[in-house]
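There are two complexes below, and they share subunit A, which is joined by subunit B in the first and by subunit C in the second.
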Partner chain A sequence: MSITLDQVTKRYQGLPVVNDVSLDIGDGEFFVLLGPSGSGKSTLLRAIAGLAGVDHGRIALHGRDVTHVSAKERGVGLVFQNYALFRHMTVADNIEFALRVRRMKGAERRQRRQELLRLVSLEGMDERLPAQLSGGQQQRVAVARALAHKPEVLLLDEPFGALDAKIREELRRTIRQVQRELGITTVLVTHDQEEAFALADRIGVMNLGRLLELGKPQELYARPATRFVATFLGAANLILARQTRDGIRFGKTAVNASAAGPLQGSRDHEVVAVVRPEEIEIAPTREDLASGYLTRGAVEEIVFTGALERMRIRIEDGQEAAPLSNGNGNGSAFLEVTRTQHEQRAFQISNGQHVAIGVRRIHILPTPLSSFTTCATTESLAEALVQQPLLAELASRMKTRISTRVEPKLGMPGANCEGAPEFSGTTVIAAHSEVVYQAQWLLKMGAEEILVLPQNASPPQRVLIHWADEAVRRATLAVSASILRHVSAEAIYIGILPQQTPAAQRPHGMRALLDARSEAQAVHGLEMRTELRFGDVSHELARQLGELAGQMLILGIRGHADLPERFGSLFAESRWPVLIVHRQHDSPAGQAGQAYQAGQA
Partner chain B sequence: MAAGAQSASLDDVSTRPGRDTIVSSIVRWTFISLSLLFLAALLFAPLATVFVMAFEKGWRAYVHSFADPDTAAAIRLTLITALVVVPLNTVFGLAASWAIAKFEFRGKSFLITLIDLPLAISPVISGMVYVLLFGLHGWFGVWLQEHDISVIFALPGIILATMFVTFPYVARELIPLMQQLGNDEEEAAITLGAGGWITFFRVTLPKVRWGLVYGVILCNARAMGEFGAVSVVSGHIRGLTNTMPLHIEILYNEYNFVGAFAVASLLTLLAVATLVVKTLVERTGYRRR
Partner chain C sequence: MAAIKQPSVLPGFGLTFGFTTFFLSAVVLIPLAALVLMAASMTWHDFVRVVFSARAMGSYRLSFGASFLAASINLVFGFIIAWTLVRYEFPGRKLIDALIDMPFALPTAVSGIALTTVFAENGWIGQYLQPLGIKVAYTWIGVTVALTLIGLPFAVRSVQPALLEVQRDLEDAAETLGAGRLYVFRRIILPTVLPALLTGFTLAFARAVGEYGSVIFIAGNLPMKTEITPLLIVIRLEEFDYKGAAALGFVMLVISFVVLLMINLLQAWGRRRIVAGAR
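== the complex of A and B ==
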């Protein structure tokens, strides 16, 4: 391995900007770190170069631990976004700088400089000053300068950011060529997915300081595991669907689109489907569709972009399929569609036209959290919950919708729910002293995830994870991973053993802790810290939660009969958000994990 | 020249305001003539007077006035003061601006305010402070006397007061420049294997050199011309602690107008020369940047 990052964390004013990133980059690999601005990707690159220290974790280059080695001694080549050429030196002096510092002889230096200038096709520019070069040429000089001392690793920080499209493409080709020719391990940071696709052997997508997914460009595009990657890599329509024994259903229609992905157990439940704009087919009537019928719609907007035609189609029968989002964050009932010239010729469309919509291929995200439903005894209370900052923030980051549901008999023992029996997605209720009975009631009605939300809770900085039963470990971890991809918080698993645990039993507790951690890492790519406590579960959790503001608890339980007795005190204070993950029976072993792996591989 | 540089200068020209219309050219000429008139009345006339008065009794009298040993001593003292003060303040200015531009630390804005302090308070106060500290009745007065060190009414006092007054010039010039130029070049040098000293001398110093030269020139001009603060600490001992500005005042009070204005003309020439160098530096610096 050329570059090994192990649980690298970098905090800025207490907030993690790089959050537990572990990564292996192979020899000669071209690795692209992709993410929006502020995702921590540049900080991570600077940490590899040694320009930024890390607060936690280790960095190794070619097996040598360099965590505490200065930038000067690391000997990596770094190319900056704004070139950072020495403006008072000629091109020749710039390139020879690293060689001069290493006291190389004049003749050798000149020879190496000529080699490098040839490599970046800038022969004869030796005596120019940087100000006399165009942006593209300056960046070529910067690349040559970074390679002068034959570094083992080349790092590029948004190297094409300041260049126009044409030169960008040309330089992109040069860099790919140079990289192949030298076989040098390269890490490039960018926010441009097209650039990432064009250059990368492997892409790592970062958001909120976390490395969300890794993979070959094609695989990440075809089978993203998270909402963020699905919408950040290209455009995507995220649609809420139901997974049933017969396949994927959007509302009442069953879709027989290909590659629906592996089933997560046999249970009928709500899922998030990714439909790429180019996988949508449009035809005048349902009968003309070559692919599975989805819904009908009216064309709202057509944009000609050259090779492709992009349009927005408003879904007409909202009952059948309501898209969550089209990647732009607005949860409207629009579908983004792109068509090739060929498709355009086959079926001419004008604004306002009514069409039948089909899907050729859908991909189901292996995330356990699909949508949120606030539940209260009156409409106004349910509406008020929608406005809560934590919930609004979570929903917008997950690009999902929040619906409301009124249950007048919420929490009444012996009473059944009024509406449709199933509770899909995560049910949200307001915290108050008696909330534990409402939660118990909802669990009895079949809700699987319940978020208990105190007044004005904000997105947490720390998420505590605990499960009361090993059988719900898998489900709790899956939900935790999903939550943690959308908030920039640290994850801490808390294992609690009874106070009187005999010494002989303690190693067993430790082992459970380590198992939990390695499962989180291997299956969900989630890095978390672990802590072992002794004492009463509810008491210990409350103590930990009370220590610091801005914490949230994810609690996995099995069976709801003893919820008030065991965890009542946790809810009584209603100061922190609690997400209850409840499974009556654990889903068949490995299913959820496999689905995730398929998306990630 | 690359196309980039050309288009940059075209952009520069095309965004300048006030082209083409008659009204705008009238406005332009009004403003230019107004400011020229103002300068002529307030700056050029007094400057011219200095030279007219200096040469009132002819060339010989002018030259003769420099032969006076007290005048020669005043010139020497001024040069010595500048020679000590300017390098010290250059080093201080570099260190302070480096610290402020490159690091985040507690009390950073306090430090910036402190650097500006000498600009804000009256030079007389600056002088008084040193008298209060090192004068015979000052805090360290007795101790200094016991060890036979004279600060006030001697060269050290003059240097201290001048340093205090000229403190901000180099730092003020470098802080915004360093902040604007950023850290990238230094970081690049470090990743290329350069140590701290090499990075400073080969990268940082050349990068800010024109700003530095400019700051040093301003600092020097003020060091030679300072009157108020030096006046308080010097004690006006002829031939010993009189700097040029102080000496001019004494000559003037003695109705030795030729002598006073001759020294004044020398000081003025120094100032003019400083300004010429400054302009040259600005031009070269601008072109190079």
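== the complex of A and C ==
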């Protein structure tokens, strides 16, 4: 391995900017770190270069631990967005800078300089000053300068950011060529997915300081595991659907099984489907569609972009298949569609026209958190919950929908629910002293995830994870991973053994803890700390939660009969948000797990 | 003409250029010409006698020597102060930043009296320097201290914006290329801020040469020892020797002009190296 990062964490004013990132980059690989601004990608690159220290974790270059080695001694080449050329030096002096520092002889220096100038196609520019060169040429000089001392690793921090499209394209080709010719391990940081696709052997997508997913460009695009990656890598329509024993259903419409590919798990539950704009087919009537019918719609907007035609279609078939979002933030009932010239010729359309919509390919996200439904005894109480900051923030970051549900008999023993028999996504209820009975009632009615929300809770800085039964480990980890991808918080798994655990059994508890941790990392890419405690479970959890403000608990349980007795005290105070993950039976193969590994392969 | 003319916010090249010449003439050129004329009305013999008298020579040495020394001190410490203000975030930074300008605002006589009080043999600082055999007030050292004080803001304010321009990236780039701190300072930072440093030096020097108010209090004004040229000129005026005063003024004018011109040329050369060909 050329570059190995092990649980690298960098905090800024107490908040993690780079959060538990572990990564292996192979010899000669071109790796692209992709993420929006503020995702921590540049900080991570600076940490690899040695320009920013890390607070936790290890960095190794070619097997040599360099965590505490200064940038000067690391011997990496770094290229900056604004070139960072020494303006008072000629091109020759700039390129020879690293060689002069190493006291290389004049003749050798000149020879190396000529080699490098040829490599970046700038022969004969030796005596120019940076100010006499164009932006693209300046960046070529910067690349040559960074390569002068034959570094083992080349790091590029948004190198094309300041250039216009044509030059960018050209320089991109040069960099790829140089990288191939030298076979040098390269890490490039960018926020431009097109650039990432064009250059990368492998892409790592970062958001909120976490490395969300990594994989080959084609695989990440076709089978993202998270909403963020799905919408950040190109346009995507996120649609809420239902997975049943027979396949995927949008409202009442069952979708052609072949479009969705193999499904994981057999549990009947709400899922998030990704439909790429180019996978949508449009025809005058349902019968003309070559692919599976989805819904009907009216064309609202057509934009000609050259090779492709881009349009927005308003869904007309009621609530049957309401998209969550198409990645542009407008969450209403619009589908984003693109068509090729060929498709345009086959079926000419105009604004306002009514069409039938079909899908050629659907990808189901393995995330267990699809949408939120606030539940209360009256409509106004349920509406008030929607406004709660933590929920609003989570929903907007997850680009998902919050609906409301009124249950007048919420929590009443013996009463049945009055809404739809199916519970979709995560049910949200307000915290109060008796909330545990409402939670129990909802679990009995079939809810699987329940978020108990105290008044004015804000996104947590720390998430505690605990499951009361090994059988719900997978489900709890999957939910935790999903939550933690959307908040910048550190995750701590707390294992609790009874006080009187015999000494001989304690190593067993420790092993369970470490197993859980490696599963979280391998399956979900989730790094978490582990702590082993002894004592009463709810007492220990309450103690830990009470220590510090800004914490949240994710609690996995199996069976709800003894919920009030075992965990009642955790809910009584209503000071922290609790997310209950409940499963009667845990599916043998964690569904999130398979998809993630598929993305990695 | 068309080549010189360029569109701008203010109307008419002719008008603005006219104002420039008129203003410069009225405020700078004509008074200076009067000075030269006055000096020129002397006989050559008289002129040489006044200008090269031992007392005058001593005052030149002190005036230009102390100014040069003060400007050099300001060059070093001004840079350090500007560096601290630009690169570090600390409580009271704004306050220190404001303090830098105090010498601009203070009447020079006030700073002179304050310095004398502090550096006199029984003053706050003077009393500790006395046993070490260092006399500040009423010696050339006192003159230098006064000139350093009034020149400091010029040095700091010239370097500050230039330091802001030195991007961290440049230092980071040099570091990843294997350069140590001293090397980075010598080869990257210093060359980049050199023009600004020279400007600061020039301004501080020019100001020091012309300074009068603060120096006369701390200098003691012994002829040949601690008498600066401006003071000598005032003494000549008080003796109604206008021509002698004009002659001395003329010499100051010539020396100052030559020094400033040299520094400006040096600076222009340095700047050309950096922005050559830009736009």
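Here is the rule we use: the second predicted complex is superposed on the first by the 588 of 601 C-alpha atoms of A that agree within 3 Å, B and C clash if a C-alpha of one lies under 4 Å from a C-alpha of the other, contacts with A are read in each partner's own complex, and residues count from 1 in each chain.
Here is the rule we use: contacts are C-beta pairs under 8 Å (C-beta built on N, C-alpha and C of every residue); 3 or more make two chains touch, one makes a residue touch a chain.
Worth saying up front: this structure is predicted, and the values here are computed from it rather than measured.
Visitor: Superpose on subunit A as described above, then tell me if subunit B and subunit C fit or clash.
Guide: Once both complexes are aligned on subunit A, subunit B and subunit C clash.
Visitor: For A:H149, using the defined touch cut-off, is the partner it touches subunit B, subunit C, both, or neither? Pick first, second, both or neither.
Guide: Touch status of A:H149: both partners.
Visitor: Is A:A49 touching the first partner subunit B, the second partner subunit C, both, or neither of them?
Guide: So A:A49 meets both subunit B and subunit C here.
Visitor: Of the two partner chains, subunit B (first) and subunit C (second), which one does A:S134 touch, if any: first, second, both, or neither?
Guide: Touch status of A:S134: first partner only.
Visitor: Figure out whether A:K72 sits in contact with subunit B (first) or subunit C (second), or with both, or with neither.
Guide: In the superposition, A:K72 contacts both subunit B and subunit C.
Visitor: Per the contact definition in the header, classify A:L514: touching subunit B only (first), subunit C only (second), both, or neither.
Guide: Neither partner.
Visitor: Identify the partner contact of A:F86: answer first if only subunit B is touched, second if only subunit C is, both if each is, neither if none is.
Guide: both
Visitor: Common interface residues of subunit A with subunit B and subunit C?
Guide: On subunit A, the overlap between the subunit B and subunit C contacts is residues 49-51, 70-72, 74-78, 80, 82, 84, 86-88, 97-98, 101-102, 131-132, 142, 145-146, 148-149.
Visitor: Which part of subunit A faces subunit B closely enough to touch in the complex?
Guide: Counting only subunit A, the residues touching subunit B are 49-51, 70-72, 74-78, 80, 82, 84-89, 97-98, 101-102, 131-135, 137, 142, 145-146, 148-149.
Visitor: Help me check something: in the complex, which residues belonging to subunit B touch subunit A?
Guide: Its residues touching subunit A are 1-5, 184-185, 187-195, 198, 202-203, 206-207, 209, 288-289.
Visitor: Mind pulling up the subunit C residues that touch subunit A in the complex?
Guide: Residue positions touching the partner: 167, 169-170, 172-180, 183, 187-188, 191-192, 273-278.
Visitor: Quick check: in the complex, which residue numbers of subunit A touch subunit C?
Guide: Interface residues on subunit A, with respect to subunit C: 46, 49-51, 70-78, 80, 82, 84, 86-88, 97-98, 101-102, 129, 131-132, 142, 145-146, 148-149.
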